[in-house]
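For reference, the structures are reproduced in the following blocks.
The same subunit A turns up in both complexes below, where it pairs with subunit B and then with subunit C.
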Partner chain A sequence: MGAGHHHRIFRPGDSVVHRLPPECKIPALAGFVLVVVATSRECMWAFGVYALLLAGVAVAARVPAGFVLKRMVIETPFVLFAVIIPFIGLGERVEVAGLSLSVEGLWAAWNILAKATLGVVAGILLAATTEPRAMLLGARRLKVPPLLVQIAMFMLRYMDVIVDEMRRMRVARESRGFTPRDIRHLPVVARSAGALFIRSYERGERVHLAMMSRGYAGAMPMADGPGASWRQWATAAALPAAALVVAVAGSLW
Partner chain B sequence: MNAPPSPSPSPSPSRSPSPSPPSLAVRSLAYAYPDGTQALYGVDLTIARGERVALLGPNGAGKTTLVMHLNGILTAGHGSVSVAGLPVRPDTVKEIRRRVGLVFQDPDDQLFMPTVRDDVAFGPANMGLRGEALDHRVKHALDRVGMLDVIDRAPHHLSFGQRRRVAVATVLAMEPEILVLDEPSSNLDPFSRRELGEILRGLDITLLMVTHDLPYALELCERSLILSGGVIAADGPTRGVLADAELLAAHRLELPYGFAPPT
Partner chain C sequence: MHVPDGFFNLAVSLSAGVVAAAGVAVCLRGARRELDDRAAPMAGLVAAFIFAVQMLNFPVAAGTSGHLLGGALAAILVGPYTAVLCITVVLAVQAFFFADGGLTALGVNITLMGIVTVLVGWGVFKLIAPRRPPAVVAASFVAALVSVPVSALVFTLLFWIGGNAPIEVSTVAAAMGGVHVLIGLGEGAITALTVGAVLAVRPDLVYGARRLAPALTLRTADGEVPVAGAAAGGAPRPARPGGFMVAGIVVTALLAGVLSFFASASPDGLERVAQDQGFGSAAVDHALGSQPFADYGEAGGVPVGVAGVIGAGVTLGVGGGLFLAVRRRRPKAQV
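So, the complex of A and B:
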């Protein structure tokens, strides 16, 4: 560890999207996702327009498609679930390539896939254009309870430390000939998880001591710049506003 | 029982023993943990302004327990601690924590903010500093440890040696009366160890260094204390303490192989 580290999801850049303050981008993402979820699944063309809107954001942010696609793996469990539904769905059925599928199930699968994909892509775009630290600042400016922001901050800071500790424990197990193969090995892995939890808890205590030593009294000081201008708010609002127009048009059709 | 501050001229300029109260005065400090384990049995020590002192002792001697008393994280079961004349008490603990800069052994415990800048600013910001003054304080502290160029990096993206130096800066930014370092040379490669030593030697500040690294103590501190079995077992010039093979052996301390005891 140490030097030579790179961000896995943040993509440094200097585009319009990168420069937007986080407190504008986070509500814009939330608004967009809400509109997408509220759109009726029968209005298929609307989802196409949403995808185009996101593609527009990606182009503006200069985030290549490959970058987004690779990170969409996180959606896989939802995709698997969505694929199963048409087979186990009830009600009216249709024949597709020799398979009997539920019509209701197909609609449900489409609904999950379309909305989850749009949500995931929007989330990836936000994360790719906003530094983790900026995200915390944004959350704070949006008046998210300070305790939650602090918890997120510590998670961000200590994620790598704990993952590294976990890796060392695995190396230590394997160096002594342990290879987890079947269910009987589970207790060993579970005990390691327990040990990791205790180690992390003790680290938490030491960090708290270090914080007390430097005068911590409940509030987390963080360097803060000026707030967002109305122009930046308007720019960020363009995405959810456009989506809303599409959704309203779709419902009137 | 403890000797007065060593009369030899301190290498740091302008901080010769003065009528001002000592940076640190510990009087018959005793402490037992809540489970009944007695860790300190009556520690007495005085550190004058500008002195650099090594606190040596085997594992389990009570070094960490003593350090925790210096800034009021633990409060004395018996006896007293005062920093530049101010006694450590619940009502003074805020000012005490500004005056005593504690550098912990694992920099990952000390650096908990998302960037180096935020982390170094944490202490002074808690003291009420804001804006320009805060920014200046942060940059000055990082400059003193030669880490100004990593100001916007995340702590977990730094090398171990860099993290240790930034940890020192986080404490320097509070402009403490005394800097207390817990095992500053642990886990450092020889190069980083020497670099840190040069930085510490260049600081014009009272310094208490807890260590088993006897050559490091000899290099940086003119005076050494041995804490053993919860009491101060020896107090004198580092050179003399390290030359006393019997004393070292009696307290489970050893010079590294091939290291000639100073004469």
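So, the complex of A and C:
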């Protein structure tokens, strides 16, 4: 869930993937994941090819495998769910090492595991190679509503400040000998959350006033560089196109 | 729980995306009304707050800890439209910058955790229509408590339509409903306490309590003069019959009960229709036939209807009890 976002994933670098404009990368990866999700689960080899494609992107972006693996823990709750499905699934049963498993459930578990893993790896690669600021610029060029982009921009800019404020409140609590141990300590934690809300809201008011005094009128000026060239679009489109070929081949074969 | 890619089939993912986009579009218009030109910085900071507060773990029982989802909390603190935008942005940032939650499942996640929790939380809050600060706290508890299991039921509904796992939908409904009533209790407690804490310090910041502020008065040498402009908006609304709140809780409980009943009953109806009409495939027929309890709608030995009623009963009992306790006292002390 929301927990565990203590480090951003972005890895600065200067590879082909890093240099691609975000407005090409985002649709390319979204398209890739769409193709993956649409692929029939019986077509196992296709998922192997998808994994190879992503490995190719990772190599091109010089993102080490260990880095990707470490970030994949985020998937754990759903891996647990996938492990349970064969046991509680309906339908034909098959004996595997003395356990009665549902055939349909095994297929479902494979389906969820394969697609979720490919999706998570694709997401990690996108986040690792795209600077947050550039990602927002890409979102803006992709015609995401400007208000939404601005909210995301302010959130990203002040996220660390707020999280840090929360950390200081925790240090303050702990330095007074308080550690939450059971449910009765909930009011203390909740009061901290309330104080954090007031501080965040008041900071928002100050930020707004500071921006008004600098001429803000509801829109942010953005230095718009030249858009992506057709060559860059073609490079980015290579990934979903390759996946699409695999998916079509898989469904015909 | 952020749904990853591949959990739902493509049709459900895309339709949920359309629902989410429509909901966000409505909220973009509404948020301008709630916050005018302050919308972007304020909503951005509130989104950062929600993001931070989701990291705030609190111990639930030995060894396990929970954390806030924040839909109802955001709705009560900053208003429903802004809340949906904030949570949408939090989820999008988590998906794109932290690879948490699938890109194709973003629509599902926004629909479930943003739109449904905010809509239900705010709806319940409005239904209770609290008129005193302690009632605002109690209403926050009930709103957050109801919003979580309803979100889980909508998840079950989506799962029934296009989930990629062969699990009896009533099993999913019972498991999700049961667990999420518990999660909802935690969410309700921390939401109510947080709203109470804000209400005690800056009552003007709580959107859900904005009509409760006393009318402004100018204290001059001649005595107190009410401020005309502020009094119009700030005066408490005319008193409503006390039965309204009880009726609100009853309607909420009925809705919860009927929804859970519906969720457990309809698949059987659909199975029957599918078999009668012959569009249930042979494989599905066989799958259902081979499982002795498949048609009884039992989960862990408890009929789902009963589980739903128990869940609704617990919700009603805890929420209503707290509510009555707070109302009976009519305290001078603010929470």
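One rule holds for everything that comes next: the second predicted complex is superposed on the first by the 245 of 253 C-alpha atoms of A that agree within 3 Å, B and C clash if a C-alpha of one lies under 4 Å from a C-alpha of the other, contacts with A are read in each partner's own complex, and residues count from 1 in each chain.
Rule of thumb we're sticking to: contacts are C-beta pairs under 8 Å (C-beta built on N, C-alpha and C of every residue); 3 or more make two chains touch, one makes a residue touch a chain.
Computed from a predicted model, the values in this text were never measured in an experiment.
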| item | value |
| --- | --- |
| Overlay on subunit A: subunit C relative to subunit B, clash or fit | fit |
| Arrangement angle, subunit B at one end, subunit C at the other, subunit A at the vertex (C-alpha, nearest 10°) | 80 |
| Partner chain in contact with A:153 - subunit B first, subunit C second, else both or neither | both |
| Partner chain in contact with A:203 - subunit B first, subunit C second, else both or neither | both |
| First, second, both or neither for A:176, with subunit B first and subunit C second | neither |
| Partner chain(s) touched by A:215 [first = subunit B, second = subunit C, both, neither] | first |
| Superposition-derived comparison: subunit B or subunit C, residues of subunit A touched | C |
| Which superposed partner A:133 touches (first subunit B, second subunit C, both, neither) | first |
| Touching partner for A:143 - first (subunit B), second (subunit C), both, neither | neither |
| Minimum Cα separation, subunit C to subunit B, after superposition on A (Å) | 5 |
| Shared subunit A surface residues [contacts with subunit B and with subunit C] | 1-3, 5, 132, 153-154, 156-158, 161, 203, 207, 211, 217 |
| Footprint of subunit B on subunit A - complex, ascending | 1-3, 5, 132-133, 136, 153-154, 156-158, 160-161, 203, 206-207, 209-217, 219, 221-223 |
| Subunit C-facing residues of subunit A, complex | 1-5, 8-10, 26, 29-30, 33-34, 36-38, 41, 71, 74-75, 77-78, 85, 88-93, 102, 104-105, 107-109, 111-112, 114-116, 118-120, 122-124, 126-127, 132, 135, 145, 147-148, 150-159, 161-163, 165-166, 180-183, 185-187, 189-198, 200-201, 203-205, 207-208, 211, 217-218 |
| Subunit B residues within the subunit A interface of the complex | 68, 71, 73, 94, 97-98, 100, 102, 104, 106, 108-115, 117-118, 121-123, 125-127, 134-135, 154-160, 170-171, 174 |
| Touch list for subunit C against partner subunit A, complex | 1-7, 9-10, 13, 24-25, 28, 31-32, 37-49, 51-61, 67-68, 77, 85-86, 88-90, 92-100, 102-105, 164-168, 171, 189-190, 193-198, 200-202, 205, 283, 286-288, 290-291, 294 |
